[in-house]
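Shared between the two complexes below is chain A, which has chain B as its partner in the first and chain C in the second.
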Partner chain A sequence: MRGIWQHRLRMLAVLALLVAAVFPLYWMLVTSLTASSDLFAAAPHMLPSLAELGIYREAFLNIPVATWLTNSAIVATGTMVLSIALGTLPAYALSRFRFRGKGLLGFGLFATQMLPEAMLVVPLYAIFGQLSLLNTLAGLILANTAFTVPVITWILKGAIDGVPIDVEEAARIDGCSQIDIVLAVVIPLIAPTLAAAGVIAFFHGWNEYVFAQTLVSSQELRTASVGLAGFVGELSTPVHSVMAVGIIYTLPAVIFYLFVQRYVVAGLTAGSVKG
Partner chain B sequence: MASITLKNVTKSWGGKPAVSDINLDVPDGEFLVLLGPSGCGKSTLLRMLAGLESVSQGEIHLDGRRVEHLPPSARDMAFVFQSYALYPHMTVRRNITFPLIMRQFHWWFHLPVIGGLAKRRIERSPEVTGLVERTAKILALTEMLDRYPRTLSGGQRQRVALGRAMVRHPEVFLMDEPLSNLDAKLRTSMRAEITKLHREVGGTFVYVTHDQVEAMTMGTMIALMRSGVVQQFGRPRDIYTNPANTYVARFIGTPPMNLIRARVEAGELRIGETGFAMPAHVSTAALRGQKEVLVGLRPESLAIVAAGSPATIAGEVAMVEHIGAESLVSVKLRHAATAHEEEEQEQSAVMATAPGYSDLKVAEPVAIRLTLSDTVFFSAETGERLAA
Partner chain C sequence: MVAGIGSRSMTKSAPPTARLEGSRWTPYIFTAPVAVYLLLFQGYPLVQELLLSFTSTSLLSPRDHVYVGLDNYNDLVGTSDFHGTILVTALYTVACVLLAIGLGLAAALLLDRPFRGRGVARAAVTIPWAAPPVAVALIFTWMFNAQYGIFNHAFRFLGLASANENWLDNPKLALPAVLLTTIWQIFPFASVVLLAALQGVSAELREAAVIDGADRLSVFKAVVWPTIQPSVALLALFITIWSLRRFDLIWLMTQGGPIGATNTLVIELYRQGFVYRELGLAAAVGMIGLTIALVVTLIYFRATARAERAKGQR
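On to the complex of A and B.
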């Protein structure tokens, strides 16, 4: 009897968390599909009105949403690919090699996470200016990657620690060079964690605002996060347009996550039990 | 096939030697067992042979060619790990083929689609397929070629690891306690499999184990190690019958050799209160200057007889273990002492074998008759064997 109640309470708690997580999204959808006249009604509408679906078409016609999304996708994918490429080898080195300054390097990687983005905007702006990286998506990818690589290095190091050293030694005996071992043996074995790390980097690139706002000024290179924020005017904010673009902005990320979540969950729990 | 020669091989960790000054000469086609307790340096020595560990000093020659500076892949040795070390993300077939793929490897094999196709092409070539299938047949793995290691039992995984080693036709097979993760029954059958493999495939085998039964049953040569030093290197029978020192005597054999303290008095051997004529095979020169010696006798050279029999040593039964065809009887000697280092309190118990199911009872007075013609004498001071 006690077990049943415990189970019910647990389910209730999960449900409450789920509602808290999903309700803002739902409210975004409902608001985007509410007629302008009803937006500030005393009794809010809890159900979306399908008659207002035209707002999504208008969003694509009147607002460069497609360009923003494309830019965001380029930045997010670029950040993901570059972060994984640059994070894997240091992770391997930190996990497997003994060298002078290893502890310091590990701490240094951690330390970069203590600095807020806003603090680095000014120096980055100056450096990117000299390197002609201002107002380019490549510059944005680079700036984002600088922030994700340390996290990814640490995540991947943890996964590589879990790869039995015997397997690597077997590969050495079988004729693999050090880089062959990483590419042919270690990477396939840490694939789930790699997917999880990829998701983290992708979402960082997708959601990033401060750098995208500062380092890019051209309209055509705006990412969705900046574009969306641009709606908020000094005098008025077109609420249902903001919500519609918000939904459009969220959907690709959700779809991407659903696509890789199988691997992410496996990656986040990898090594927790004896395999 | 190749001979292996180790010259003054030493490995130190932070100035502390783990393996000291090893000199071994293993002729082509031998099955050498590196035997010793945990931490004696046998695995380190094997890993140095494989190239997985650097050599601090000394030389390793493979068929006369110096190899200690070469990477593992250039030494043409296969290694079977204690943990099997299979590639979990590859099928059994790919695990076995992997060393062959690596022989023809190009950097672009790492590319996602093209690399996969190239590897598959090698895997499916008639030459490789034939080789893999022959190997799988020998190891009874044919049915499992397309399965992943996680779906296999311990014994099957071990056979895959052997297959991966065999398929390369290496000059030397190195095995690091490959059977220690298997249950007792499987271990016995795999022991026979590996011995058969050595006979059929040929090549020089170096096998590390702490199990002296494995060493005695599989090895054609044994190097017994302790604290990084080889205590004795030779044929199993030699090591069993003529141990170089008391450590070897006590390590080899189940139960181990009995070491009974004796005095040499006027050309006679006195154990406790009993005097024995010096056995014929012992030269007086060997015992010259020795007042006290250790008499080494295997349990089968000790016979239990009725108390009070002439020319025996008196004692009482301390323990009886029935192991089927014979019984192991521990006898506490009344007037004589033993030199078994591992026994901290009881320094007078010897082990004897009695045929069949012994009816002896604990505390029953008995006597021990010694077959002195089988005796090995050791110095009581150094523990080294005294020349016969």
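On to the complex of A and C.
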């Protein structure tokens, strides 16, 4: 008897946890599907009204959402590709070799986690000016990757630690070069973690705000994070349109994440935590 | 050229005597690109900021530096505004660490035991973590709205008289509101990490303790906590560092206000640089924040080293 009640209490707690976790995004969705007349009603509407889907069409017509999302997708994809390309070989080296400066490299990778973007943005602005990278999406990709590649390297190192060294021996006997071994033997074995690392880098690029706000000035290159940030706390644009843009920006990321979360969690807990 | 390089890996799967062939330059070739990249985009700007912190430099003419020695630091350390910034930063950071880990641990313990729909529940709990911070700031600012926000709607529904509170404009409530938002966003990370750590808790030890008649709390203290303690410590380190540098969520919700109530070091840095256009002062704020982060990291590593030694002696 006591067991049943304990179980019910636990399930109640789980339910409360789930509601707390999901409610704000649900509320964003509800607000984005609320008629103007009901937005400021005395009692809030708790359910979305599908009749108001036109709000989304209007948002696309009046706000350059498509451009913003395209730019965000370019930055996120670029950050992902560059981070993986730069992070794989050093991850292998950190896992397999003992070399001078290894400790320094490890500390350097960790130290990047302490640097706020808002601090580096002033000198980066000057550097980007000299390299003609200001006001380009490529510049944003380069700036973001400086923050993602240390994390990616660390996660991949954790995964490579788990690959027995014996599997590399056969390839070595066949005369493969070290790079071949990494590309042909090690990478396929850590593919799930590689995917997880890619997702994490992608999200960083998709979410990033400070660099996108300061290193890019032209309207056509604005990312969704910057575009949406312009609406926070502002009430002159209809709230439901703003929330519609918020949903369009958030939901693809969250749904994509839910599909891959098992790999992300596995990759993250293997690399960054045990390491 | 053959050089056997013993790989000492941190996990048990790779034997410590494993030998790798390859040129002795291989590790350097493998790590050079990332080292150069980070030196260019992190190291060099960092040194620039350090130098900038000893100058008076305006955002309007960033190439004209006037060397002022430690004046920027002296100017900051003496003012009560800066003391307020340090206090807010400390409150924000400590609250983030305690609440995110506390809530994360509660969630992890709830989701550790099997029940129907556990997989879905585990996935759903991580959703806040996947939401972009700008979108989180947007929805929470709307939820905290005085007249139309859902929080005040709920309080009015519960019959609380003073339910027209303007959360983000009230110096007493702004920090709790920003904290609530931050905790919502980051607790899933703690819960995911701790859920993984809980998988390492020995079922036999737990059963043995239960058979010995230990109650839940004693089992937790004697069996569960020692296993997850390293993960908790690492989480505390990461959440501290991330809280010290978190910008977008706080800036978009309150810009550090009202009257400095949410003005953490990074917000102050941005304000000095981009509102008051004092790049030198901004850099000095950044260096002070970085020093705090470094000190916390050092404390963490010394504490873990001591814990390792203690374990070795036992």
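Assume the second predicted complex is superposed on the first by the 239 of 275 C-alpha atoms of A that agree within 3 Å, B and C clash if a C-alpha of one lies under 4 Å from a C-alpha of the other, contacts with A are read in each partner's own complex, and residues count from 1 in each chain.
Basically, contacts are C-beta pairs under 8 Å (C-beta built on N, C-alpha and C of every residue); 3 or more make two chains touch, one makes a residue touch a chain.
What you see is a predicted model, and the numbers here were worked out from it, not measured in a lab.
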Combined model on chain A: chain C and chain B, fit or clash: fit
Chain B versus chain C as contact partner of A:Arg172, first or second or both or neither: both
Which of chain B and chain C A:Leu189 touches, first, second, both or neither: first
First, second, both or neither for A:Gln219, with chain B first and chain C second: neither
Vertex chain A angle, Cα centres of chain C and chain B, expressed to the nearest 10 degrees: 90
Touched partner set for A:Pro164, first chain B, second chain C, both or neither: both
Chain B or chain C, by number of chain A residues touched: C
Which of chain B and chain C A:Leu105 touches, first, second, both or neither: second
Which superposed partner A:Pro150 touches (first chain B, second chain C, both, neither): second
Overlay on chain A, chain C to chain B nearest C-alpha distance, Å: 5
Chain B and chain C contact sites that coincide on chain A, given as residue numbers: 164, 172, 275
Chain A - residues contacting chain C, complex: 7, 10-11, 13-14, 17-18, 20-22, 24-25, 27-28, 31, 39-40, 43-44, 86-87, 89-90, 92-99, 101-102, 105, 108-110, 112-120, 122-127, 142-143, 145-146, 149-150, 153, 158, 161-165, 168, 172, 178, 203, 206-207, 209-210, 214, 225, 228-229, 231-233, 239, 242-243, 246, 249-250, 253-254, 257-258, 261-262, 265, 268-269, 273-275
Residues of chain A touching chain B in the complex: 164, 166-167, 169-176, 180, 183-185, 188-189, 191, 275
Sites on chain C touched by chain A in the complex: 5-11, 13-15, 18, 20-23, 26-31, 33-35, 37-38, 40-46, 48-49, 52, 62, 106-107, 110-111, 113, 115, 121, 123-128, 130-143, 147-148, 150, 153, 168, 184, 188, 192-193, 196-197, 231, 234, 238, 241-242, 244-245, 247-248, 252-253, 266, 269-270, 273-274, 279, 282-283, 286, 289-290, 293-294, 297
Chain B residues touching chain A - in the complex, by the definition given at the top: 50-52, 71-73, 77-79, 81-83, 85-89, 98-99, 102-103, 105, 109-110, 150, 164, 168
